[in-house]
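Shared chain: subunit A. Partners: subunit B in the first complex, subunit C in the second.
== the complex of A and B ==
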């Protein structure tokens, strides 16, 4: 019932407002696939149904020319030196945003430049058509953020996409869609954060499509640090061409329900992909990271490290797939997933997966689940450090290693502080 | 031609000539499956009423079930009405005429250099041979009976030890467990039954030899092993089937129960006919194997060498219920030509201080696909559970595939679960090194493969380790160069 009501809400939105044909097509894909259930292999450990409360509504405002003080404050908590793009419930807030050249926020395809429209269409066409929630996100997104980094240019500052979900009046069902095109020899760093204001439930399926052209470089850092009532889903696809480098950093430092799908296709030789992830959860939080690294051509390299710290009754899910296609010889692919379980109510479900169709490759994966080392705890305690602090220090050491992989110093500082705060040790915060 | 006879004779001993006491009026039932077939099989076996009821219940559940499709294997849909569910050997003369269609098997044995002949010589191995649907003969009955060990065809056990069978059958693999287990529960024709009494160390290796001989038949055997407190048994099964163009189905169920301090070691050398070079024919091996470590400090160890079958689909599992119980899984799966294997294990940690170890070595060659699929589940109460898994894949040639699907589910913070997997090929430098020293490429590959699978082969009883090594070499023949 819940699922049908949810689909009904989306359907009436898509049919009633003047939603464009492309979004209707995306909706058709969603409707055809249906909402995933735990019977679906990719959603085996992830149950969406409890998150689809009947209260969810699709916000209808199409402009946020003026924003109130609370929203402004919410965008200021990061303070990164960056080009800031603020989206409130998926719609651009121009007064808080500073868009550099090449970045446009497109409210509709008809008003988009032909090149932007072409990019958006191409992104929809190239995305895998088997993910219902990605199609849902693309159908719902009121705006599309188009980032085009011209050939041979490097943006001096990172782009910071600040997503604010306003859940003060009602439970918003909203999404953000981004299309990023990094041309040859160009480079860009994108920081993507999500913040909910208000305590109502939210449901936010977001879609990101990145193309990294030959010899270009791109990084995407996603920070989900959200309320217990929030549900954030992200579906990101990256096509990495010859000698290009793509790095993703996925942080989950809070949120009632988080699901991240990251699909990286290495389609040009010598392409490289680095995937880093960290989830630090407590209470009844839930985070699910699904990654796919598809080695379609020879001589590519991928390296993946995901860590998780689970306290309270939180649940972590990790599914990492590495595909090596038939002709992708000389592939180097590594994957590692490490989890720390801190409490007896916590759960971890991991499925590191290799599918290899070429023989001259070096692929490995490893997964470990365990607890803090008793001897290390004893060492710290014997030096007069209290149990909580000792646990926090060791957990911090375990987790910080992922933060260190982020190239932007301000982001590192922010994440380090948030991690210390989250581990609840005054010693670390000081 | 006495080849088939020789094989069987060797397996079952010289008593064979009079071995078939069952007076079968017809060799096979017509193709197809309905309630009457289930009733027929049950009546043939002179089973008590409860057994028939049990079968019928499973059959009705099976009818309502759907064929699973999640495995990483591709095959045409099986027509379950196109299979013969009952085939019993006729007297010896008839068998001789069937022999002639079995050149592959004969050749294989010759190549092995250890025909089954040798199994007889290997003193201390008691053999139960299941030929198509019926158990032919169990050797060494007396020596075992002295110790109180029961080792007999399950059909006989149903008649002679109904209380034991009724208590344990379906207790580890319920009839409704999965599609093929339900099918097996409805139509299983024979299999082995082993009961080791309290404190007894089984004096010899027990062994079952399975053979599908007749055309169009499926083999549905059921094995039940119960090890009482403090007992020990090592059990080995081997399988072969003749060369045929059509696919044949083998859907077995194996249940193991280990009480406190008991240990069951179950080894399989599976060499069903894998189909020819173009993927024509071969056995579909869809098997459910599960052991229950019921008592404290009990241990169940699965060792498997899988070289045959067109499709292998099996996950020998251990439910670690008893405190400090141990589950082990050692596997070598070799696929060549068009073979497909989706195999692995499941370890359910329920009790405190339970430990499990998984070592899986996959080798793919030719056009084959080889998947490891495993589950390690640590339950809410499994304090200090410990698991280590290692899954390695070796690829020979660029047209095969190796896949790993490990599922790790942990719900207790004191658990330590480790999984590692690697995929690689045989290095050209290593081959060159061997060639330089006068070792041909094919021999070199055999040498390297044997080193690679050593961890697993070492777990096999010695006699079978030799056989397994040679089998590996044969399976991979022609895959290099």
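== the complex of A and C ==
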């Protein structure tokens, strides 16, 4: 019933006059696949239904977002030196945004330049058609952020996509869609944050399609640090071409419900992908990371490290797939998932999955889960460090090496401070 | 004489097994006591109980540290009140630098005494000074605590930490084990430099050789959870020469 009402809400929205054919096509994919349930293998531990409250509403489309003081403050907490794109409930807030050359926020395909429209269509076509929530996200997004980094160029600053979800009046069902195209020898560094203001429920399925052309470099750092009533879903696909490098950093430092799908296809020789992830959860928070690294051609390299710290009654899910296709000889593919359980009520479901069809490859995977080391705790306490601080220090040490993998120093500083705050130790932030 | 540590009829054990079967001893300010004994006699258990390791249960007896009931205190409060345990096996802690660890520990000690944290400059100066005492290279400060340190480096790091925290009572749990003669001398010199009329040391060891460098005022022999003999530094030499069997026989005859 809940599911039917939800689908009904989306259907009547996409059937309204101002929604374009492409978004209706995306909706059709969503409707055909249906909402995933826990009977679906990829959603076994991740139940969407409790998040589909009848209160959810799709905000009325506007040409640009109105900004008030609270929204402004929500965007100012980061303070990164970056080109900033602020989207409120998926709609651009021009007064808070500064778009560099090559970056456009497209309200509709008809108003988009032919090249942007082509990129958006191509992205929709290249995404695998088996993910209902990705199609839902693309159907719902009122704007599309198109990032095109021209050949041989690099943005002077990182691009910070500041997603603000306004849940002060009602429970928004909204999404952001991004299409990123990094041309040959170009590079881009994208920071993607989500902040909800207000305490109502939210449901936000976001979609990112990124293409890293030969010899180009792209990094994407997603930071979910959100309210208990929020539900953030991200579906990101990266196609990485010859000698290109893609790095993803996925942080979950809070949020009632988080599901991230990251699909990386290494389609050109000597492509490289680095996947770093850190979830630090407490209370009843939930975070699910599903990753796929697909080695389609020879001589590519992927390296994945996801860590999780679970306190309270929080739950983590990690599902990491690596495919090495028959022709993908000389592949190097590594995956590691490490979990720290800080309370007896916390849970982790980890499933590494390697499918290797080539015979001359180096691949490894491993999953560990454990608790804080008693000996280390005692050692710190025996030097006068209190029990809570000792726990925080050891937990911090476990988690911090993921933060160190982020290349941007300001982002590292921000994440470090948030981590320290979350671990509840003043000492760490000093 | 001012007693720093007074142990009275201490009985303690682990997992329902009694290991210390009634230990009494008093360590006064300015003194070095050695506790010697064969393997399994309870030496490390005594160190663990004094430092507050939670897997050990105290069955009976009391331990007074300065003016307070030691056994009532958490491990961190024991440290803040001036007890220091140099670990037999210092723990490797990846991701926590030696410098940050000590900054935290020293700040906690100062807070306990109502003092503000040291400013970064003075703290760095203090660390360099104390590292010189045990001939440690300052590059260790930025390395993860004990991670990848050799046995000797770990033990020197223990003495360095001791120097930073300036305890009233330091318990050295087989600090000499696994050290070559040079490292042994460095560690002993470090300890000797810290000796004063205000503090005391309890040196736990299996062998006499450390006591050539850290000369004890009193030597206790621990056998099967009891102190069976106490004496001056010459007792250590006698043990070195004759082993532990004669004393074991002597004590069972006495009992």
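Some points to look at:
Simple rule for what comes next: the second predicted complex is superposed on the first by the 425 of 430 C-alpha atoms of A that agree within 3 Å, B and C clash if a C-alpha of one lies under 4 Å from a C-alpha of the other, contacts with A are read in each partner's own complex, and residues count from 1 in each chain.
Please note the rule applied: contacts are C-beta pairs under 8 Å (C-beta built on N, C-alpha and C of every residue); 3 or more make two chains touch, one makes a residue touch a chain.
Note that the structure is predicted; figures quoted are calculated from it, not measured.
Residue contacts after overlaying the shared chain place A:379 against subunit C, while subunit B stays out of touching range. In the overlay built on the shared chain, the residue A:99 is in contact with neither subunit B nor subunit C.
Legend: residue contacts after superposition of the two complexes on their common chain; A:157 is shown touching neither subunit B nor subunit C. By the document's definition of touching, neither partner reaches A:19: not subunit B, not subunit C.
More residues of subunit A are touched by B (comparison of subunit B with subunit C). In the superposition on chain A, A:7 makes contact with neither subunit B nor subunit C. Contacts of A:355 after superposition: subunit B is touched, whereas subunit C is not reached. Subunit A has no residue lying at the interface with subunit B in one structure and with subunit C in the other. By the touch criterion stated above, subunit A contacts subunit B in their complex at residues 41, 45, 326-327, 329, 339, 341-344, 346-371.
Taken together, the subunit C residues at the contact with subunit A in this complex read 51-54, 74-76, 78-80, 84-85, 87, 90-91, 93-96, 101, 104-105, 107-109, 112, 144, 161, 165.
Interface of subunit B with subunit A (complex): residues 70, 380, 393, 395-425.
Remark: subunit A residues 373, 375-376, 378-387, 389-390, 393-394, 396-398, 400-401, 427 touch subunit C in the complex.
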